[in-house]
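Per-chain numbering from 1; labels A, B, C and D assigned in written order.
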Amino acid sequence: MKSLEVRLREIRDSGRKALVPYFMAGLSEDWTDHVAGAIHAGADAVEIGIPFSDPMMDGVVIQEAALRALGSGVTFDSACDDLARLATEVPLIAMTYFNIFHHYGIERSAGRLHSSGLSGVIVPDLSLEESPEWVASCDANDVATIFLVAPSSTPERLKLIAQSTQGFAYASARMAVTGSSSGDGEGARIVKAIREVSTVPTYIGIGITTPEQARAASGVSDGVIVGSALVQVLLDGGSASDVERFIGDFRRAID
Amino acid sequence: MKSLEVRLREIRDSGRKALVPYFMAGLSEDWTDHVAGAIHAGADAVEIGIPFSDPMMDGVVIQEAALRALGSGVTFDSACDDLARLATEVPLIAMTYFNIFHHYGIERSAGRLHSSGLSGVIVPDLSLEESPEWVASCDANDVATIFLVAPSSTPERLKLIAQSTQGFAYASARMAVTGSSSGDGEGARIVKAIREVSTVPTYIGIGITTPEQARAASGVSDGVIVGSALVQVLLDGGSASDVERFIGDFRRAID
Amino acid sequence: MSDSARYMAKPDERGRFGEFGGQFVPEALIPACQELEVAFVEAWADTEFVGEYRQVLHEFAGRPTPVTPLHRLSEHLGLSVFAKREDLAHTGSHKINNVIGQTLLTKRMGKHRVIAETGAGQHGVATATAAARLGLACTVYMGEVDTLRQSLNVFRMELLGATVVPVVSGSRTLKDAVNEAMREWVSCVSDTHYCLGSVMGPHPFPWMVREFQSIIGIEAAQQLRDLGVDPPDAVIACVGGGSNAAGVFAGFANTAARLIGVEAAGGSAVGTGSPGVLHGMRSLLIQDEFGQIEEAHSISAGLDYPGIGPEHAYLADAGRAEYHAIADHDVIEALRLLSELEGIIPALETAHAVAWMTKEAGQSLRSGSTVLLNLSGRGDKDVAQVRAILRGEQ
Amino acid sequence: MSDSARYMAKPDERGRFGEFGGQFVPEALIPACQELEVAFVEAWADTEFVGEYRQVLHEFAGRPTPVTPLHRLSEHLGLSVFAKREDLAHTGSHKINNVIGQTLLTKRMGKHRVIAETGAGQHGVATATAAARLGLACTVYMGEVDTLRQSLNVFRMELLGATVVPVVSGSRTLKDAVNEAMREWVSCVSDTHYCLGSVMGPHPFPWMVREFQSIIGIEAAQQLRDLGVDPPDAVIACVGGGSNAAGVFAGFANTAARLIGVEAAGGSAVGTGSPGVLHGMRSLLIQDEFGQIEEAHSISAGLDYPGIGPEHAYLADAGRAEYHAIADHDVIEALRLLSELEGIIPALETAHAVAWMTKEAGQSLRSGSTVLLNLSGRGDKDVAQVRAILRGEQ
């Protein structure tokens, strides 16, 4: 079991709901201050987006953030360098598209994640079936590969994913890209199903935009992931203290 | 034999070369003064164009004249009315496209030509083959139907046309529409061929634009037809005295 | 008119269909017309020529074009509609059938150049296309007004190696282009063939063009038979000069099928015209009280002709075919209907036939009747215009 | 690679052609891709489905398209060139073959709607066309930049009843339209099929689209055999995503024919790309040193794709097919050449293949060799652009 999962299980076993905010690496010069602010305000882990030109799984907000970050020259390396300087105990989880790692080199990428202090990774376009080589490299570097379960996942696939995911299982609440918050979502159903076949911590993401939604989702799961809503604050020029306020609101809602 | 042909044979037999100018009916208010001027200056017969919207056999000059005449409301009837008032001994020959007569009525057209003092008619798009009904009506009204011989006419057709034409045979000097004067023309060859099979007077037309050309053509034929060059003078605003000067020049050249 | 086998046979020795047709051209062109008639009669009786014509249609122009059952439109109208897909022929309409025939004949006559008139450019592009394929020089006469309205088609012809001459006489549109082509033909008739674009002009053109287009009807009749429709209750085609209609009618003239030609209301030679002589033929023409030819006005350039082919005048006269007119405002709706229901954007010309069928479905076209629609061309050439109209820009 | 019969067979169970292909999509879409694979495998083994697919291609899309011997171009180049005439297929290119297959499959899967991406609009128009014919709802995603450049094609799709959604993300061109269509597919996958336009995307698309396009090669091989050419020395096709090339190659992959794909120099995934993962597949992509996908730049919108279908990447890797690039400036000349000599104005995409053939005639294409040119589409869509270029306006 990866360090990440050990840590996330501890959090769950302590009775605390996990709050996992998402940041786009390099969105602004002081982006790591934002990350630090979130940690200060009670984030249990942080998802770090590495910008990619073609973010197929992301809605307009994160697309826009990726475009800005790319425009200011952010790369996988620069993001790692920045993160290495952050020096935090809170787990950092990379999130990007597979081509970034494919291009950088599979082994090399996993090594770089580890050496930069990242203990998990989400690659939304890397399906379970396509993942063995990648997972093997991550395994060798104590990097947990987190897989998503979607509302459309069949029971068989759900079981397979729940048993393969490392760190936590990402229950995608909606058949939608990041940022969509229409309808109630199917997070509860998915989490329930995952729990029937696995003991891995189970977080709900996709469309958690308000503290109320976060409270509801955390009520039926082990934690929530908050992406677009937070990134929107930063796109609008939010500061580290805005981040702290934002995360604080969510923290209070789920505690 | 029609009156027209009797008259044109007399002219030939008198040793005089015939000069036949062309006017567009109604080109200007005083257009019949122009005709009178030409007669005064020595025209032996006058061709009177009745304007038609689609003058397939005419070049740009006569097209333009037709358009202007149509624009000022000239019709077959109005042209006939004007001509009836002209009262001249010199033969008048109508020239227009078949649809004008077809629409007015075949019998009625022939009668109208006759009653307006026109003794001949040229219908360039009425081929010999299509002409019997028309010719029959003209025959009944002492109107001579004049046919053209073209450079492309085969010997057989040339013979047929030479024997069918009334008044004179129109030797079209060029494979071209009115107004073209390129090259030497084939008038001489055609006239020679016609004379081998017929005794009808033979005039050369199409492309006679200068007194010199008229002299050369009349040297090998019984007369010449002058169209576009004269109409151009009138399009340019020429007066009756300009017409007299113009015709006088041609008269002197061929005498 | 009891012996129905007489329809769409050869015209009489004077080139007439009943009272219509003939050869009303200057003497200078009579020998060329006669030469052409002889050449065509010989060629058309020569299995080698016919074989070559058919082969070029097949391997170059994409014949046979399919007959498409229009399931959704049929359901919508309560009819059983089949479309003969001339829109799929090379260059996008039936025009190619005729020009392939005429350009092959041009070569056979030993001429190395063709001239043609064109209105919106369809026939000009088709002629330039066939001339390029056979290595013939090509000059196209086009009214100056049309060269401006259809400048892309001018460019197309130029790409194909043709010379486009803007015609500045008269109304500077199609009928003047015909006049000018005729004038020019006079001066180059020895080495040049005039490739006329429809079943019009002096004999033998109306007959020859109909023969070259009859492949449409011959194919369609067989294709419908294969589908168990023999004959359809009605055959519908739009009519400008009338070549696509003549071509499709030829396959059904001697069956019980109703033959229906649809003209543009602003160019309805049968509906509003009267007998007259123009462009070498006696036919029905739109003319004023003095016999001056009027301009046709239609939303579709290909129907903007003030006359109709003489054989159509005859078929109307003889009661064998009916001709109806459709006003511009019904045309766009018909174009949309066919596009949305069947995935085929028709030419504006063709849309006239669709519009008439739509109006008459359940009326004179009884519910359940079988209809062959001649889909004479595709609408790609027209979409910019249709958009402008729908946006109220035109 | 001795057993040539292996080429262009089914991909392996992971949807790979050698090292390329696969299914790199969000989990949300994996079930849809798997469902699609099952549905396609079943349908493609069902003679009734295959029969319907062939019938629609025949009676609606105009198949078989002819193979045209290009006599004058052949003489000019010292080759013996034959053209497979996809320009004559309904909507003007090979794109229709694929969309007819996919829309029929959509119905079979019980879905009532399709979405599609489009660049210049060719695939969008084809999809809207097939959807109209079958009565499916249709939404097309098109980069905002492209909707402005190709506004007439937007209007065409709308005429056909489709909804066009301008994509405002990223570079607002084709690759972003694909991203957006994928995103949208996630949210409507239960009742909507994503009708991808080329041999790209996640498994089973590259294989399925190739199968639907293989009709080109199957027909052409038979048609050439009938002409005594079996096999040709070379088969040449332009390559954007690679569907027309894959379709024609499929008829010759296991013969001795050279297979040649011609890319645009500004979008040459084989020539200047490297392995990567995009749009659901592992293939060759144009990307910067950090793995960010670059925009392709070509005179022809249909080749403006920064990747290539995975099977082509494999064929290149295996040495079975060659891929070459042609720069913009050679393309216009090639378009003129084919237009003037053969009366066929090709699409700018197709003109890339013509240009390469012209350059290599007498060189790597030995004098006298037989060449099959896949004439993937007609140039009508491009003439305005070509004119602007020749006038120096672009």
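Assume a residue touches a chain if its C-beta (ideal position, glycine included) is under 8 Å from a C-beta of that chain, and two chains touch if they have at least 3 such contacts.
On a predicted model such as this, the values are computed, not experimentally measured, just so you know.
With steps allowed only between chains in touch, the distance from subunit B over to subunit D comes to 2. Centre-to-centre spacing of subunit A and subunit B amounts to 97 Å, using the average Cα coordinate of each chain.
Centre-to-centre, using mean CA coordinates, subunit C is 35 Å away from subunit D.
In subunit C, no position touches at least two other chains. Across the assembly, chains come into contact as A-D, B-C, C-D.
By the touch criterion stated above, subunit C contacts subunit B in their complex at residues 14, 22-32, 169-170, 175-176, 179, 182-183, 186-190, 274-280, 282, 285, 287, 290-294.
Remark: subunit B residues 52-60, 63, 67, 70, 75-76, 97-100, 102-104, 124-130, 147-154, 157, 161, 172, 174-177, 180 touch subunit C in the complex. Contacts from subunit C toward subunit D in the complex involve residues 58-60, 62, 65-69, 72, 85, 87-90, 92, 128-133, 135, 152, 155-156, 159-161, 335-336, 339-345, 380-381, 383-384, 386-387.
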